[in-house]
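Heads up, the next two complexes both have subunit A, just with different partners, subunit B and then subunit C.
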Partner chain A sequence: MEPSVLSSLDIAGAWVSIALTLGIFSFLYADNPVYKLAEHLFLGISIGISMTEMYYGVVRPNLIDKLAAGNVLSVVPLVMCAMLFARLASKKLGWLARIPIAFIVAAYAGVKLTGEANGNLMTQVAQSMPNLAELWRDHGIWDWSADGAGVFSGIFLVVGLSACLLHFYFSARQGPTMRGISRFGVLVLMLSFGASFGYTVMGRISLAIGRAQELLGLDKPAEEAAQIHPQLASVVCGVLVIAFLVVWRLRGGGAEQEEAA
Partner chain B sequence: MLKLLLRFQHMDRRWIFLGMGLSILLPLVFPINFGFKVDERVQALYDSVEALEPGDTVLISADFDPASRPELEPFYRANLEHLFRQDVNVVMVSLWEFAPPLVVPILDEVAARHGKVYGKDYVFLGYKPGKELAIKAIGENIPKTFPTDSKGTPTEELPIMKGFKQAKDFPLLINVSAGFPGTREYVLQIQGQYNLKIASACTAVSAPDYIPFYKAGQLTGLAGGMPGSAQYEKLVYPDGPPDGVRLLASQAINVLNLGHLYIIGLIVLGNIAFFLTRRLED
Partner chain C sequence: MNLLILFAALLAPVLAATPATGLSVETPAYSDGLTLSLSWTAPDDAHSLILLRSDQGEAGPWHVAAGPWPGTKAEHQDKVTTDPTKTPPAAHYWYRLVSLDEDTAPPPEADGDDAAAAEQAYVAALLAGQPATAAVQGTPVASWLSASPGYLLLLALIVSVGGLMLWFTDRARKGHEMFIRRMPGIDAIEEGIGRATEMGKPVLYVPGIDELQDIQTIASMLILGQISRKVAEYQSDIVVSCCIPIVREVADEVVGSGYMLAGYPDAYNPKNVRFISSEQFAFTAGTNGIILREKPATHIFLGRFFAESLILAETGYVNRSVQIAGTAEATQLPFFVAACDYTLIGEELFAVSAYLSKDPRLVSSLKASDYVKVFVVVMLVVGTIAASFGSSFFIELFTISG
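Our next item is the complex of A and B:
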């Protein structure tokens, strides 16, 4: 394959990307104008892309093209869309917006309800009662090679789930037995929250690694990195951001944050 | 020692950020290798792709954005490589507005490396808004949901789409999911209704929510976060990457290990400091 030759615009884009990444990272030191600039650029561009995609993905094919083709029924969503903005024209007409909102809520509730009932409630409840004989046959008590699957895990699942549900059952007297079950339920919940938190931390570190790979040019093919010089860009932009922060602090920037802290 | 622990408890949080930054940057500059194993869920995902025959066609829903790129792009690249290597055709859609500029160049790049022809061996049908409603529509009628592909060709005229009208016509649906709408919505809206085979690669944040779907058989495989991507890369490239291919997740997994060790160290140290100094303060 021919090595790709990047245009000046591509190279400038890569440098801007590195500068903005470092600008966002500067927030770790303190909220500052470089961070604000990067943040506002990000928000503006995100909204711009969303609006463009919405126009070309929704409004044009579903409304403009259909109206142009003489599809009279397309007037219905157009009118409903206009009704959403009726409140802006007059407060007296504000009630008109409730009709399309009611339509959206009802349609969405219907879609959600069937999905949850079918895919979540029924299947998951059925799966929360494992077949112990099958587990014993396939994995025994505890199978290290299958992430701990086995009879012990199956029983723990049922007992843990029951304890969690009983923790939220408020109609029974909280005697020693119920308190014990409830505490076990809390323990299971804490294990679950801990696992979720662990995954979240891993996700956040992964994102930081992704940015570091870009700053070092490790995410690009070698021939592209040789044209962009990402490490040089990182050093230059890093020095500029630090120099700005020094000048900004010397001129009294961030004093209010320090006082508030 | 107690003074040190007291100072540690009131340390400026920016030192922690600096330490985190170093624990990420240093192993990237001076690589280390801890090694890692492939878990059952990723192996199942790999096996479900391996089970496809040459000439089969899969539906990929690429639903991620630049923010989740480090976790999911490595999987997405390796998955395309895996599919094209087996001569499996790819029909791709997206429910995320930021996905097309990210996923289409990679699709074209990997397809070109395997000499695949657009419209015959692979196609990108475009972005569809509507979230769960779009997923329901994909389950019911794909040409109606995507009347044209991303280049404006009518979907029904594309050779690759002959005989594929609904999601259930595909032997496998692969969802690269960064959140909502994504794997959860595919499972709830159409997996059960059409008895679809769905495999998912998701962000680490979503993985605990999707593991029950895998355990219940609603997903045929699951690759969670950067480790999932790295494990999939390991299966697709058992002898290492060919020239010009970068295994970003495999490179990052060792860095991730160090990052975790750093955080575990801080948690342990923080707790020791807390319990020792609490007694002192009392």
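Our next item is the complex of A and C:
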């Protein structure tokens, strides 16, 4: 197999990617023009891409192609789209825009009703009724070898879930009993938040490692890295960003932010 | 010994798998119109079975619908289409069940243009060389009502909640007091607006990044109406950063109405309600820019958030702003709890809109959902006791199937 030869455009793209990554990282020092450049490029490009995707992925296949094929019903969404723009034409006609918005919200509410109720209520309740006798038989009070399964976990699930639900009971003043239940519910919530926090932070660190690998060229095949020279690109772009920040700072950049703070 | 081998060789064609018998196709009870129930009597000698389906007629063309399964399988629920909007179900379907011997190859795994041709060649070879049942026709029909216990309970809950809402709304309109417990986050919102006014800086409001039809975005828009009214009364400014164009349009109208209801319609500046980008992290970068350059005194993040929650809240923390967040997105709540001054957890987000607006319809909805919570707690306890004594009645009651 012959080694792939990258075009100049591919190599330039990889260098731009490294430069923009370092530009975004420069925010760790302060808000500065390099960061602003990266931010505005990101915003502009994302809007351009999303508009193109919207046209080719939604408007063209669902509206233009169907109208061209003589589908009369497609006039309805066309009219609704036009109504959304009525506010731009005249303030007096602004109320027309509310009709398609109301239609979208109401249709979505109807379509999602059973799915949401099933996923977020029925299934969760059905799966929160443990068979304690079976848990006792299979695991006893607590089974380290089965991730803590057992009667204790079963009871904790039901009691904790009930306390969480009652914490969100807004219709009555909280007496001493309800306050105790509510505090236990909050404790259970915080325990689950802590676990979720740690789990997600691990995911974010993995994303940061991904960026570091790109800067060092470790995410590319050796033959591509040999053509791009990502480590050289990181050093060159890093030096340029730092030099720019030094010059920018010496010329009084960032003084306004310090005053505002 | 040689004779035995010769006998076995002669018998081999006779001992090849026989076809399944009694293949029948029925529409399941309470069907969604996309599923057909198939049953058959499994042959004794088949190594495995494969199901073919046609939507043209008993002459084919045939496609592999499911399988290969072990030869003992005797029933199957066939989903005739997985995406009914793009591929609507046909009026009728025909099925044939093919018995496979041990040496028959599994269906080919080809991609792209070759896939259809490879499947046709495979099916033709199967029908030529393996025993198959005759074609049996089935008609998918959608039921008007599913009478399974789960659906009936769900229907009863929806009707009960609707009834309770109407009853509470009626009581509220007749002047009965509708008590709702006050939450610390509500006081924090008012304090935050006051702080922004004192500092002469705007309030930043982010209504999440989901579409308008999401319930959290709707709740956020209701709260935005109340907050913008309060901001107008305090003669302060509010900047709304939106990720979805339609949400921006609605926010524009909501904030404008808030200023009008406060008696200061001319103070409203539509340029403060901004569409940033519909790309998640571009929106985050743009909103961070607002936080860093306009230095709002108070940040209010209410709505549906995803991975951007921590980035926004951390930037706000660096900016030393008062931060109030609220979402029902369980995976993002830990970040708001860690980085914000006040967090509205889950349903508190919906309670705030009812509390601030005092709208009888919203208050009655909150009251009705409180009753549902009590019902669920009772069911959890009773269901657990019943399950522990071997009865799965309550588990089945909350299981939606079909």
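What we mean here is this: the second predicted complex is superposed on the first by the 235 of 261 C-alpha atoms of A that agree within 3 Å, B and C clash if a C-alpha of one lies under 4 Å from a C-alpha of the other, contacts with A are read in each partner's own complex, and residues count from 1 in each chain.
The definition used in the following text is that contacts are C-beta pairs under 8 Å (C-beta built on N, C-alpha and C of every residue); 3 or more make two chains touch, one makes a residue touch a chain.
Everything numeric in this text was worked out from a predicted model, so none of it was measured.
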Superposition on subunit A - do subunit B and subunit C clash or fit: clash
Which of subunit B and subunit C A:219 touches, first, second, both or neither: first
Which superposed partner A:79 touches (first subunit B, second subunit C, both, neither): neither
First (subunit B), second (subunit C), both or neither touched by A:170: second
Dominant toucher of subunit A (residue count), subunit B or subunit C: C
Which of subunit B and subunit C A:61 touches, first, second, both or neither: first
Touched partner set for A:129, first subunit B, second subunit C, both or neither: second
Touched partner set for A:196, first subunit B, second subunit C, both or neither: both
Which of subunit B and subunit C A:239 touches, first, second, both or neither: neither
First (subunit B), second (subunit C), both or neither touched by A:206: first
Which superposed partner A:146 touches (first subunit B, second subunit C, both, neither): first
Doubly contacted subunit A residues - partners subunit C and subunit B: 46, 49-50, 107-108, 118, 122-123, 126, 192, 196, 200
Complex contact set, residues of subunit A against subunit B: 1, 28-29, 46, 49-50, 53-54, 57-58, 61, 107-108, 111-112, 115-116, 118-120, 122-124, 126-127, 146-147, 192, 195-196, 199-203, 205-213, 216, 218-219, 221
Interfacial residue positions of subunit A with respect to subunit C in the complex: 24, 31, 36, 39, 42-43, 45-47, 49-50, 84, 87, 94, 97-98, 101, 104-105, 107-109, 113-114, 117-118, 121-123, 125-126, 128-134, 154, 158, 161-162, 165-166, 168-174, 189-190, 192-194, 196-197, 200, 204, 257, 260-261
Contact set on subunit C toward subunit A in their complex: 150, 153-154, 157-158, 179-181, 211-213, 215, 218, 246, 249-250, 253, 276-279, 281-282, 285-286, 288-289, 292-293, 295, 310, 320, 330-331, 333-335, 337-338, 345-348, 351, 366-367, 370, 373-374, 376-377, 379-381, 383-384, 386-390, 394-400
Residues of subunit B that touch subunit A when the two form their complex: 14, 17, 20-21, 24-25, 28-29, 39-40, 67-71, 97-98, 113, 126-130, 132-133, 136, 147, 185, 187-189, 191-193, 203-205, 207-208, 212, 215-218, 224-227, 244, 246, 248, 251-252, 255-256, 259-260, 263
